[in-house]
Each structure stands twice: as structure tokens, then as C-alpha cells.
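All remarks here apply to the structure that follows.
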Amino acid sequence: MRVSRVLLVAVAAGGVLALALGGEALAGREPTRTVAAPWAVAGPGLPLGADVLGRDVLARVLAGGRDLTLGALAAAGAASSLGVAGGLWAGWSRGRAARAARALSDLLLVLPLLLVAMLAVVTVPGPAAVIAGTVFGGAPLTLRVMADATAQARHTGYVEAALSRGERGLSVLFREVLPAHAGLVGADLGQRMVLAVQLSAALNVLGFGPPPPEADWAAMLRENLPGIGLNPAAVLAPAAALALLAGSVAGLSHILAGRS
Amino acid sequence: MSGLAVSGLTVVGPAGAAVVRDLDLSTARGEVLALVGPSGTGKTTVLRAVLDVLPPGLTRIAGRVEWDGAELRATRRWRRRHVGYLGQDPSSALHPLLTARAAVLEPLRVLGRSRAVRRARAEQALADVGLDPEELGERLPHQLSGGQAQRVALARALAADPDLLVLDEPTSALDPEALETAVALIRRRRAEGRSATLIVSHDGSVVAGLADRVVRLGMPPAAAPPAAPRAATRARTAGPVLAVGGLGLDRPDGAPLLDDAGLAIAPGEFVAVLGPSGCGKSTLLRALAGLHPVRAGTATLLGEPLRWPVRGRSVPALRALSLVGQDPLAALNPARPVSAALRRPLRLLRGLSRREAAAEADRLLAAVGLPADTARRYPSALSGGQRQRVALARALAAGPALLLADEITAALDAGTAERVLDLLDLLRQKEELAVLAVTHDKTVAARADRVLRIGRSMTDDRR
Amino acid sequence: MAADGARFGGVPRVIVRAGALLSCASTVIFLITEALPGDAAVVRSGGRATAEQLDRLRAEAGLDRPLAERYVSWLAGTLSGDPGHSLLTGRPVAELIGQRMPVTLTLAAAALALAVPLMAILAWAAVGGPRPLRPVITGLVVGGAALPQVALAALLVALLSAAWKLVPPVSLLPAGEPPWSRPALLVLPVLTLALPAAAYGAALLRGAVADAVSRPFVRDAGLRGVSAAAVALRYVFPVVAPAAVRLLAVVAGGLVAGTTVVETLFGLAGLGELLVSSVGGRDLPVVQAVTLLAAAVVAAGLITADAVALAVDPRGGAAR
């Protein structure tokens, strides 16, 4: 019963991701072309009305998630794999370097990652800043969770049995510890993904995202906020898209975390 | 009637299956009632249903619980005022930030007497369990030894002289000395005749002498004769399997645990290691298995010098020594089926082919009394006893000369424990398997050829 | 005795950690802004200067000196209260920050005052609330913590401002008036800051509370009939408090960072908005000073958290 629930949420989250990535193909109209008056309300052929420059809101919502999602996936993947690798090492090794890594990650943990990304955006483009912020702010969290899990696993019967049959550290980590914590790793990846989506939305809304004619959910929010009285859909649709993306990934992560 | 009366108690699990069906029991003031049965027969569930603290998933669908003739209503308040409770793991049941005296003072709040009176009662309760309040009263649990912490919990359960005392598995919860104190105190309560006592235990022998009445739950499982696994060829030597001299061990925090200890185990010999909790019994086994650092000492295994860290050991040394731990929950990797756990050592240490390993794994399962389809199952689908038997099969897979067994029967019911011990006896005769077993179970120690007692050093009771 | 030793041993450790955090943060801030690709002079001149002009610019700004030397003089200046001048307006950075401070402080304080009790209530309700409500509250907390702040801002504007016309959609403050003089203007920014912070904090705190409640000695207390209030106060609180205070420091840090988005979206002239416009204009002295200030706030939160943890649990210094 619980497996089917995971499957259900996983399929839903996968669907949302697929839509965010490939939605542009369904748009049927160029997201950058002016087709109506600014903030025109919904009508035939314009199910969600028009935006600040009279462009089709639906087409822009369908197209506006791709770069953000791709960037978030890359950032989450980088942060999570770095953190998992570091955590396995820091939890397994009892050396001074491992302790120092844990202390450093504890310190990095408290740095607000939006500020880290704001700093990074001074010198690198937006997507790279999202990755930098997610890695700096997210990898330490992963490292800590994974290091604790690994340190605990060291004293379990299955790890001691593996050591007692002469398996090497790396083999124990990848054959025993990592599979036993697959749910934890999946949940963690999801959480980093949510972080990256939030970060990217924040940076894009502040104007550090893709340049203007491009469609982007967060940028759409800012562009259309002044017209919320005229066409609320121009604001609510991208907001809902962002919420759906982050929410479905968070839901999947939450269920995975509960199972591990 | 006075005391506790339970009638028609029925508890169902999440799927609606009955865990406890239509149970009656009662105990009057001045009586001791024992609830006995193998693990998995719902003893603890009965106890929790009586106290009205069933865990989520279990529901009481029928039954009446009466105290002094009236049905229980505000159960939490009733427990606070009338019940003294000692759980299965008393030392972890102590608040880590409360001193021993403060812990014992807590149940005395309901008395409502003056501070001085309560304090005197707390000191008396500590003294009753053999603890010096002057010396230990201000200590936090982490500054107490395991046995002392157990006694503090016992003192807390008894401090307010509760009308109903409930003990959950005292024989495994308390070390022998603390258990003796508990038994003496229960006898005294019974003689005074004011209060009732309910004891739950899987070990019928200890409670039998203490209880006025015994209620048995479940039927003992039919014993099946275990089949021995095929002999794994192994070089035999005439001398001891393992000889250790001058062994010194430290705790992980650096405090010394053992000094200049020595032991020698002959092929086929069963040596039991006894000692109070926290004395380093388990650490000794883990050190021999190469999993705990050794401060000093040398060892010879099958005539060859043995290197301490497990990483430095040769394949024959790895094969010859096998460890089975005490925690059946963490014994198996949740991500791998039983078959994987068994085949890996067979392939790695005995060099069997894939097909040979699969066949041998089935034989090992049969040897520990598990059905063949266990191989396909994941640990989450096995009970604690079944997992422990899989762990034992995994330890036997390499064909060891010496099995290091750390409380292997603690999580098993009497019937299963018996079968596991029978299997070890069989292997000792047929294959000269030597066993070094840490235990505080007297039935295990009774089967041993020799008993080692651990304090700061080790003494050897030859039989 | 051992406990006292730990207590006194712990205090310098707390300070060392905060000091480490600050020096770590200042180094990262300086390195990222000054030493990453491109010369700061090029960045500052917008790429339109000749080689000769660039050299002059470098000399003026002291950029021809070695990196380590510049770092030390920057840090010394900042610590003595003079973080330099804005490259865009030429005004002292300290003055800019002083001007913007009241708005951000008001905003953050109001948001924190709303977020902290909300966080505690949500976390407790998700673990110890009425059984049928628990999954609902947990879902609310998990979903709320995941919701991007900008999406929440849009939703709040749509509801409170566009649909119900309760508050104005943007918060343009008349110049010279203190921010608290028009509370209606602060409703949207404060809610946008506080709600995600509360949900995020509650999501983490929920874990800590659930963890504490499942500890053997807490379960045992319930079994022994210790009253629910006493269990919460004497058993759960001391276990959760250190984690909760530390969490609070993190939440406060996130809240400070969130002012950038909120102030920009709602048109409030605070420190967050100053940071965003300075990043956009590559005004490095301002960026460095504002981010270091934020790091100092986080470090102060951390010191408080560690001190509270030490006071509640004297084993803190001894454990690990």
C-alpha cells in the first residue's frame, strides 16, 4: 500500500517535471509575440489572457519553466552528490580531516544561501549563482545527514559482517551503506531541488535571471504584479506553476524520508 | 474486588487481526501475577492495553479494565497515582538531565507531603535498592553505570509504594544483582499485602517462584530437529582455536576496560562470558573480531599469529572467526534480500560459484530452522527472531572455527532460543565449532563448558 | 563537578565558533566579490575605460596592491566602522546602511515576532495535535516550506490586495516617515517573510520534536502517567530547546536574506533593496558591507543559540 503511494506521488512529481521541461512544445504559440492588449482578460484563444506586453500568458507559463527546472536539477544534483560523497567519507573516517569537514559544514549550514547566491551573482551569471548557492548552502546539510547515517551504520550488524568478511571501506560504503540509505539520499535530493527552485525563483524575480523577452515564471510574477487588478491570471498562473513544481518535489521527498 | 481485574480483553492490529483475544486476568492486593509466554504472543500488548497506552495501529475493541471494582476512566491520572512501572530498558528510561534523586522524587509529587518528607522517602527508596544517596543522589544518568541506572529506575518505580507495580521483562531488563534486589523488594510488598504486582516475562523460571498465579500466553512452538549444514572443509589443528594473552582494552572514550586478560578456547568448546552490564563483554568480542581497537595483547588463531584490525587479516583468519551481534534490527541490510546476505560471504570467503552459493544458502537457512522462501524476503518482512537466525546463518556461512556470539538469544523466545542453542551443540560435536558467548541468560551459561567472569580483569570458572 | 567544567569550557568554544564563522564569511565575501573572474576595475568602469584609465582606477582604488593586503585593510576598515564609500553615489557606506536600517529592522522584527510562535504551534500540532489533524498540518508545513517566497507574495497580493482590497499592493513609504507609522503598508511584506520562515522552521522543528517524543525516557514518562503538560515542559522542552534555538538562528538568517526579495517586490527602501540594487550596479563596497552585516547577524544568533544550549544541557560541552 505504501509502495503504491510512493509510486503515485513519484508519477505526479515526474509529470510536473516533464511538463516544466517540455511544456514549450505544447504552447502552440510563440511565447514572445504580442497577440493582444496588455493584461487583456481571458477570451477565446487566450485561456489565461495576456501579460504586460500583450503576450499569451498560457504560452509563457508553458515555456517559462524549462531553464529554471534544468538549472535547479543541475544545482540539486551537484549539491546532493557532493554532500553524499562527503558525508560517506566524513561519517566513515574518524580522522581529523573528517572532523574538520563536519565542523566546516556546520558553519556553512547557517549561512543564508540566498545571500551566498547574491554574492555569486556579482561575478557569475544567474544559473551559475543558483548552483553556487545551492552547493554552498545545501551540500553541508546533505553532508551532515549522510555523515550521521554513515557513522550510525558503522556499528550495525550488516556493516560489521561485511568488514568481517574482509570487504574494503569503499566496497562497504557502496554495497552496504549507500543502498541501505537509498530513501534518505532520494529524499535529500528532493530537498535540494526545492531549495534550488526557491533560490532560482528569488534570483530571477530580482532580475538576475534570463534576459527580458525570455519567458520565466519568476520574472513573469514581477512583470505582471502591477496588472494584477486587470488580469490576475497573469500573476497567479506562474505562481501556481512554481508552487506545483516545488510542492510536488517536496511531497515526494517527504514520503521518501518517511520510508527510510 | 480489590486490585486489578481485566475481562474479555481483545486487541486488534491494523488489518483487524486479533493480537489478544478475549483475555481475562486479575490480581488482588497482596498478590503477584505473572504473565508468561514466548516472544510474539502479545504479552507486552496486554500490558499496554491494561495501562491504556497501546501504540498506534493497535486498538482495544472489547474488554473491561477495573481497578478496585470500578472501571478505569482517567487512565493517565490513575497511572500517575497508583502504578509503578519498570520498562524493558530501564536505564534508557531515565531523563538524561535529571539527577538520580530528582528522578526518584518525581513519582512522589502525588503524595503532596512536604519537601523534606518527600526527600527522605526518595533517599529511602534509593537505599532500598542498594544505592548510597549521598554518593549517587546528585549524579546524572550518564555518570552512572548501567547497573546503577537500572536500580535508579527500580527505585523510581517503587518510591511512592504504588498500589500496582508493573514490571515488563525484568529478567532481561535487569542484570542479575539488580534482579535479585527487585525480587526481594517484591517479596516484601507481597508480605505487606497492600499492593498488587504484575510481571510480564518470557522466562517462566524466574517468575514461577515469585508469582501467586501464572497466566500463560500462546503455545510453545513444536521443536523441529535442525539439519546440520554440510561440513566446510577446514584445516584442523591440535592446539586451541584461539589463544589470547595480555589483552588490554579501552572504551571508545579512552577509559580502561580490561587489563592483561587472557583466554584460550579449544575446538568444540563452549565458553560463556558473564559480567555486570557495562563491563566490556561485548567490547571483548568486537575486539576479537577486529572491530574495536586493542591497546595491548597478542593472539594466536589456529596456530597462526592473529593481527588485531580486521583489515589486516588473511582470508583463513577471516573465515575462522565469525561474530553475531545482539541487535536483530540492525543485523541485516534493509536494502538487500536474505539471499544476498548469505551468498556474499560464501562467494567471497569460500570461493563458491553462483549456483553453489545459492544451494549452500538454502542449506544454511534450513540449518537455522528457516523455510527456504526466506531467501527471497527482505529483512523488513522478518520478525526479530527470524532476523537473528538469518544473522546466525550468515555467520556460519564462512565455516568458522570459532563463533563469537553476543547475546544471540536475548531477542528470541524460549522455544527458538532452545533450537538455536541445540544447533550450536550439533555443530560443536560434528565440526568442532568453538563458541565464545556473551550472555546474561542463565540457560545459555548452563550449557557452557566454562564460564569467564569479567570485572577489570578476567576470572575463569573451570567446571 | 564535571558538569561545571563543561559549562566553563563551553563558553570560549561558543565564541571561537562564532569568530570562525565570521572570519570564514568575511573571507568568502571578499574572495567572491574581488577575486573571481575579471578585474574589479573593469567591472566598476563597466568595460568602457581605456587601459590607461583602468590603471588609474586601479591605483585609486588600491587594486594594484596584493589581494591579502587589500583584504586586511578592508576588514580593518569595516571593523572600525568605516567600510568605505559607494562606487555609484560616492556616499559613505555606513551612512547608506544607517539610513536603510530602520525599515529592514522593523520588517524583520515584525516577521520574527509572527514566525516564532507560529512555528512552535505548527511543530507541536504536527506531532502532538489531534490525531486526525496531524497529517493535514504536516502537509501544510511541508508544502509551505517548499513554496517559493515569490509565489506566496503573488498569492497574498491577489487575495489581500486585489480581491479583498484590504491593503495596498506596494508599500511606497513617504520619505522621512518611520516605517512603523503606516502598519497597513507592512502587512504584505511581513506575511510574505514570516509565513515561509514559520513553515520552514516548523518542518525542521517537527522533526526535532518527533525525535524527542520518541525518546525512550519520554515515552516511559507517558507510560508512568506523568501529565501531558509536565512531559512537554520537563521532558520534551529541555531536549528540543538547543535544537530549536539553533534553528531559530538559521530561520532568522533566512529571514534577513528574504528581505531582499520582499523589499524589492513591495518597493520598500531597506537594506535588502540596497543589496539588490548594489549587486545590479556592481557597487562592491556596499555589497561587501551589507552581506558582512548579515553574516554578523547570523553569528550573533548562533552565539545565542549555543549559549542557550549550554545553559539547558550542561553535558553540551562534554558530549562529543
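Each chain carries a letter (A, B and C) given by its place in the written order, and its residues are counted from 1.
The rule we apply is simple: a residue touches a chain if its C-beta (ideal position, glycine included) is under 8 Å from a C-beta of that chain, and two chains touch if they have at least 3 such contacts.
Since the model is a prediction, treat every value here as computed from it, not as a measurement.
Taken chain by chain, the contacts link every pair, so each chain touches all the others. Comparing chain pairs A-B and A-C, the larger number of C-beta contacts belongs to A-C. Separating the CA-averaged centres of chain B and chain C is a span of 48 Å. Here the spacing of chain A and chain B, counted between their Cα centres, is 45 Å.
Per-chain Cα centroids separate chain A from chain C by 21 Å.
Not a single residue in chain C touches at least two other chains. Listed in rising order, the residues of chain B touching chain C in the complex are 51, 53, 75-81, 83-85, 87, 89, 92-97, 106-107, 140, 142-143.
The part of chain C that touches chain B in the complex is made up of residues 2-3, 216-217, 220-228, 234-235, 238, 312-313, 315. Here chain B touches chain A in the complex through residues 286, 289-291, 310-311, 313, 315, 318, 321-325, 327-328, 330-336, 341, 344-345, 348-349, 391, 394-395, 398, going by the rule given at the top. Contact residues on chain A toward chain C in their complex (touch as defined above): 104, 107-116, 118-124, 194, 197-198, 201-202, 205-208, 218, 221-222, 225-226, 228-229, 232, 235-236, 238-240, 242-243, 246-247, 249-251, 254.
For chain C in complex with chain A, the touching residues are 17, 20-21, 24-25, 28-29, 32-33, 36-38, 43, 138-139, 142-143, 145-151, 153-155, 157-158, 161-163, 169, 249-250, 253-254, 256-258, 260-261, 264-265, 275-276, 279-280, 282, 284, 287, 291, 294-295, 298, 301-302.
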